[in-house]
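Shared between the two complexes below is subunit A, which has subunit B as its partner in the first and subunit C in the second.
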Partner chain A sequence: MNGASHIASSLSAILPILILMGTACVALMGDVFIWKRQRALTGIVALIGSVWALVVNLQQILGYGSSEPFSGSLVYDSLSQTTSLVLLIATVLSVLLAITYLRNRGLELGEYHVLLLFSASGAMLMGAANDLIMLFIGIEVLSVALYVLAGIARTEERSEEAAIKYFLLGAFASGFLLYGIALVYGATGTTNLQQINHLFSAKASITPILVAGIGLLIVGLGFKAALVPFHQWTPDVYEGAPTSVTAFMAAAAKVGAFAAFLRIMNAFMPVQPAWITAIQVLAILTMVFGNLLAVVQDNVKRMLAYSSIAHAGYVLVAVASTGMIYRHAVLYLSQGDRAAMFYLLAYVFMTVGAFGVLVLLSRSGKDYQTMNDLKGLARTHPFAAYTMMFFMLSLGGIPPTMGFLGKWLIFNAAISAHQVTLAIVMALASVVGIYYYLRVVWMMCFQEPEGAPATEHPVNDWAARWSVIVSLAGTLMFGVLPALLSPIMTGLYH
Partner chain B sequence: MQAAFFGVIAFLSILSAILMVMNRNPVRSALFLVANFALLAVLYLTLAAQFIAAVEIIVYAGAIMVLFLFVLMLLSLGASHALRERGGLQPLVAIILGLIFLASLSAAGAIGTLGPGQATPQWVKNGGTVKAIGTALFDPRLPWLFPFEVTSILLLVAVVGAIVLAKRRV
Partner chain C sequence: MIFNWVWLIPALPLFGFLFNAFLGKRVGKTVVGWLASLVVLSGFALSVSVLAALLKLPESERQRIVGLFPGGVVIPWIHIGNFRVNYAALVDPLSLLMCLIVTGVGGLIHVYATGYMAEDQDYARFFTYFNLFIFFMLTLVLAENMLLLFVGWEGVGLCSYLLISFWYEDKNNALAGNKAFIVNRIGDVGFALGMMLIFATFGTLSFYGTAAHPGFLQMAARHISAHGPLLISTATVIGLLLFIGACGKSAQFPLYVWLPDAMAGPTPVSALIHAATMVTAGVVMVSRCSPLITDSATVMIVIASVGCFTAFLAASIGLVQNDIKKVLAYSTVSQLGYMFLGCGVGAFSAGMFHVTTHAFFKGLLFLGAGSVIHALGGEQDMRRMGGLKNRIPITHWTMAAAWFAIAGFPLFSGFWSKDEILGAAYVSPDAGKVLWFVGVVTALMTAFYMSRLMWKTFYTNQRFNEAELGAHGGHGGHGHPGVHESPPSMTVPLIILAALSVCGGFIGSPFMGDAFQRYLAPAVRNTTAMPEGITGTVLVLMVISSLVAVAGILWAMSLYGKRRETGDLIPAAAKAKMGPASPYRFLLNLWYWDALCNKVAIGYGGVLGNSLKWFDTYIVDGVVNTLAWIVGSLASGFRRTQTGFVRNYALTMLIGVVAVVVGMLWGSFHFMFK
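For the complex of A and B:
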């Protein structure tokens, strides 16, 4: 293949990412030079761009293609396409939330949407990375934009604190990751994940330096995915960041990190004994402590932060049960990978939905944050209360929601991969989880509202409302009819 | 000869790093950091990485150090008492943790087990030159073109982010 046509086919393979990046550039330029006084337009442009990217991504998925764009720095297969799909759904929902939230809080900065789109494209690159260098650059694009987004409410101390904390710990984690990449390169002589896989398939030699390298990679990604014991930043950052940022951060950073986890662990599949224990221990710690710490939280955003840690533990169970196979250069997703992708999609719908309800309730100067704020919500804000109830039930894993089905798929994958301990811990941890999710429902539906109902002038919140409705529709529809996803998840029930 | 040279440079670079951390005067710390960067550049040269050695001097010892010194001058932290540690426990814990990290790395074999390099004279002559790196970065048959281009997005994000966070009015 000659150079020009190779680049042309490479560009068409990453079209969704290019659309996001292009939209971000157009929005940035337009915001600064063209529609200076119409800040709301930037949000609309970002929305159109991300929906367009989503449509192109769906076309690619239904086309069942797979390729290695740019001479193997990226790989476009079912895993990266599904990751992109999950991320683009999260992006569309988050842009909608941001349109309402920024207006309600008087924070209308066009750069918000620009950074959000760049951040999403970074996460998509992580999912498509076929090379540890590419993976690192993807992580940095994702994270640098998120650091700024966390601190975008510059007049608030807590937002600044969140940004600084996230930045420092994120930089620290990047250091671990880079050191890990260097050691893996030292052990294998390559940073290309597919070559690493071939190398170990031919001869699975576990050297100490390789173990150290994989360990540092797991620590670095563990920070990004907020696994216990690398989770300390999560509650503070989730609480301090503006709620719409928290929604996106909880979704995109985690999906990106887990896509990277799946890629790396599958590359190191032939040397599984070198890392499986670490993943198992991390999964158990994350599930147990995430759920136990969530129980004692009084702030809803902190509670959701710990709940997102717990959910990271569930997905990690799927990572421990992974086992993709490259056969004739085509990637076959294992049961564990499909369960992980399904769960991540469910997680995006429920978490962005739950934070979306908080966005919907936010009015200028006031955030709904504590459990007390939620008292009697069913009477004062019935739409918010009842949608929130469904998200809580889904997060708790109660049928007929997507959260239940996702847990069930991961449970099955763990059993068939002989990870029985993990499956048992997961089931027990989920039971603890149900307690604190139902506490929110109880507060909303069976408690009297506190204080006099504040007179609220009606605001135009169509965007956040639509975001919540779409999240709810996704949570329920794919919970009842998961077969709708099977062409996308490439044979969920094979 | 080679090992002895490496030993001297490595010793000096570690010494300058320690002096940089231990020094109470921030300006002197910064100057030891410059020395450290220069010694690292020499180490890169011994690895036939001429380009990286030059970039280390230009970017780190040049640009970044100037920024450091600017900040030091602006904050007028010249007085040595300004930086005195409040609690004495932190350095001790840091040293212990550092030793544990070192011990676990060497137990894992990450230190001292990298075999001899496979550098040929041809590679040493051409490997780390600007030309070789430029060709590697822009050759579409190699996988580095795309990551290189994406770093421009990374820089754009950083610039936009810095402006957003530093702008006065909301």
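For the complex of A and C:
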């Protein structure tokens, strides 16, 4: 293949990312020079761009192609395409959430959507990275934008605090990641994941440098995915950041991190005994502590933050059961990988949906925060209460929702991969989870509203409402008919 | 291809349900009522065109499997290992027949309900449930496999519950709903167990399949299972379990007790759900599974005996009831018994024929009763009726048509179908003659209690005070006073159903060459049938049936004709003197069966329940609460690690990093230095 055509095919493979980045640039320029004060337009441009990217992404998926653009530094196969799909869905939903919310909170800044799109493209890059350096670039593009987004409410102390905490600890974690990459390079002489895999398949020896390198990679990604004990930033940042940012952050960072997790752990599959125990221990810690700590939270956003930690633990169970193979240049995903991707999509729908309900409920300048705020919501805001109920049921893993099916798929995959301990811990931890999810439902539906009814009604936010409706539709529809996903998530049913 | 549009038949009422559920309160009653009726009636139009297409096919090809998703593609609904269930419809003569009944009679009852419920404030909620019911009923009859059938089965049960307790402010209505739901659970356990056993035996839940992957009915017809030949004992157990399910849904002894109480719902509900469609689901299911059921002679004789006994029992109770809807309810139980008698002697076509005609005349009787109740401002007690013949003429004449039909008066629809069942019972082996005789006696009682109902309501002297109408509460009542004929939205469905009650039976009569039976033959497996044409035996049986029907009617006429004043055969003073063992008391107290159920189930069940409650409160809850307390204290302890200071977080991370790396190195020690 000659140079020009290679570049052309490379560019067409990463077209969704290019569209996102291009839209971000257009939105930024337009915001500064063209429609200066019409800030809602920036959101609409961002929405159009992300929907367009989603459509292109779907076309790619239905084209069943796979390629290795840019000399093998990226790889476009069912895994990265599905990751992109999940991320783009999260992006569309988050953009919808933010449009009116930002105005209500006096945060209507043009850079918001721009940063969101950049961040999303970084996460997509993580899913497609075939090279540790590309992975690092992806993580940084994702993270730097997220640091700024967390602090976008510049006048609020909590938001600033969140941004600084996130930034400091994130930089700390990036250091470990980079060090891990360096060690792996030192041990293998390459940063390309496929080459690493071939090397070990040819029975290269395990060295201390390599093991330490893998350990640091796990730590670096574990921070992004909020695994215990690298999780402590999560509740503070989720609580402090504006709710629409939290929704996106919870979804995108986790999806990107787990896509990278799957990719890297599979590259190191030949030396699985060296790392599997670490993953197992982290998974158990994450599931147990995430759920335990969520129980005692009185702030809904903090509760959801701990719940997102717990869900990271569930997905890590799937990572422990991974094992994809290339055969004739086609990627075959194992049960664990498919379960992970399915769960991530479920997670996006239910998490963005749950935060979306909080966005819907926010009044100008004030967020719904504590459990007490939710009392009697079914009476005062039936739409919000009943949609929230479904998201809670899904997060708790109760049929007929996607959350149930995803958990079941992971459970099944873990059993098939002989990770019986993980499966048992997962089941027990989920039981604890039911408590705090149902507590929200109980507060909303079985408690009388507290105090005088709010005089200030929430603004009729149609964009956010649609975001919540789509999330709900996804949660229920794919919970009842997962087969509908089969033509789309090619990796799922190959 | 019309078959690719079958998905619309259930999808239309589903749309109506969603629309009315979410927008019903905003759009006003007219839109709600029209939309709800239209979606069902267009389903009827669609069913007719599918039927036309099906009839063009040769008989052996009259069986199509089409998906229920838009476009008719077959998409797996559940696919786990070798357990595979499609969300698909089986289009064959049986399912289409039921589609026609459900959407046709159902559509008419929808139209009727727009008039009957016009004054109700929960109008939208009513039609929401009504459309949901139609959706589930269509899912039930169209289902391609047992599990999807079960979805519809449970769905109609839910709607039945919701509609029985529709006027839930009255506690008795809520209790009646509960009773129906709970009694049906008993049957459903049998159904579910039967379904599981089918899967365990045949490895599939589909009724029919391809040559490579046959459905369980095809396997049962060839006496094979997934593990070799099909054992008769297995077939017997499956058949009995399924029949327990059918007993619950179709109100057969001993599970019939919920149906009379179900009359607490609005009258259109009684007509649609508790007479014309849902309660026949058991008969439909048994007919659908006829290739399996007929494998076991034991199951067949059980079905026939239970059906026959139920028919007799319910008819005898119907003789003395005073609530007009209660009489019709026991009559429904009795007629359902006839249908099972037909199935049990191997004449499934005859059973289904009776399902069809019964839908016409029993739907009509309930709607007529509703019209009477409507006219009297909510009165249901026949002791306070009478003299309505000329006051509400359309209601009277249409009900009279249904009366002749159900009594089995010659040439009316019920005559043909009942005669078909009794004839099949007569020619069937074993105890056929006994079953036939009990059936004939029941027919006599049927003619009698229906005539009694007509006389008490229409022909005896007026026994109510017109000024007090509507004072008894009840929900048929509305603003305007005085006895009056119902609006056209109610009378037009009555007239259409009356026409069908009179003529609808000819499609299965020897005059039309038993067209109905020949139509249904490919879908069911009949083992007994009346000899075709009008031969000696057939003629004799027909004459006996006719005589019995006429005798029953004349007998009631002569008795009640002499007592026009009171409309009562036994004077009140005589009734008071009767002891609990006298036949009248015995029948009025429903053979004491309900009392016995209460005594055993509520009494002894209560003792068991209370002891379990103790175990639950102290042992189960104790363990759970202790565990929860431990979790709570652990969590409060760990909460302190979250200090809010970045330096502490960074330290925790660092400890984590060291632990991960050192742990991994330690763990990999033996790999590295073997």
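Rule of thumb we're sticking to: the second predicted complex is superposed on the first by the 486 of 494 C-alpha atoms of A that agree within 3 Å, B and C clash if a C-alpha of one lies under 4 Å from a C-alpha of the other, contacts with A are read in each partner's own complex, and residues count from 1 in each chain.
In this text, contacts are C-beta pairs under 8 Å (C-beta built on N, C-alpha and C of every residue); 3 or more make two chains touch, one makes a residue touch a chain.
All values reported here derive from a predicted model rather than from experimental measurement.
*Asks:* Report for A:A40: first if it touches subunit B alone, second if subunit C alone, otherwise both or neither.
*Replies:* Neither: A:A40 stays clear of subunit B and subunit C.
*Asks:* Under the stated touch criterion, which partner chain does A:A278 make contact with: subunit B (first), subunit C (second), both, or neither?
*Replies:* Second partner only.
*Asks:* State whether A:A212 touches subunit B only (first), subunit C only (second), both chains, or neither.
*Replies:* A:A212 contacts both subunit B and subunit C.
*Asks:* Go through the superposed model and pick first if A:L293 touches only subunit B, second if only subunit C, both, or neither.
*Replies:* Touch status of A:L293: second partner only.
*Asks:* Let me test your reading of the model: by the given contact rule, A:L168 touches which partner, first (subunit B), second (subunit C), both or neither?
*Replies:* The second partner, subunit C, only.
*Asks:* Output check: A:V420 vs subunit B and subunit C. Expected answer is one of first, second, both, neither. What do you get?
*Replies:* Touch status of A:V420: no partner.
*Asks:* Of the partners subunit B and subunit C, which touch A:Y435 in the superposed model: first, second, both, neither?
*Replies:* In the superposition, A:Y435 contacts subunit C only.
*Asks:* Which holds for A:M29: it touches subunit B only (first), subunit C only (second), both, or neither?
*Replies:* neither
*Asks:* Where on subunit A do subunit B and subunit C both make contact?
*Replies:* Residues 207-208, 211-212, 215, which sit in both footprints.
*Asks:* Along subunit B, where are the residues that touch subunit A in the complex?
*Replies:* Where subunit B meets subunit A, its residues are 105, 107-110, 113-114, 140-147, 150-151, 153-154, 156-158, 160-161, 163-165, 170.
*Asks:* Under the stated contact criterion, what part of subunit C meets subunit A in this complex?
*Replies:* Of all residues in subunit C, those touching subunit A are 75-77, 79, 87, 628, 631-632, 634-636, 638-639, 641-642, 644, 646, 648-650, 652-653, 655-657, 659-661, 663-665, 667-668, 671-672.
*Asks:* If we count contacts the way the header does, which residues on subunit A are in touch with subunit C in the complex?
*Replies:* Result: residues 164-165, 168-169, 172-173, 176, 205-208, 211-212, 214-216, 218-219, 223, 229-230, 232-233, 235-236, 271, 273-275, 277-278, 281-282, 289, 292-293, 295-296, 432, 435, 481, 483-484 of subunit A touch subunit C.
*Asks:* What residues on subunit A touch subunit B, complex-wise?
*Replies:* Listed in rising order, the residues of subunit A that touch subunit B are 3, 6-7, 10, 21, 28, 69-74, 106-107, 109, 111, 114-115, 118-119, 121-122, 125, 130-131, 133-134, 137-138, 140-141, 144-145, 147-148, 151-152, 154-155, 163, 183, 186, 192, 207-209, 211-213, 215.
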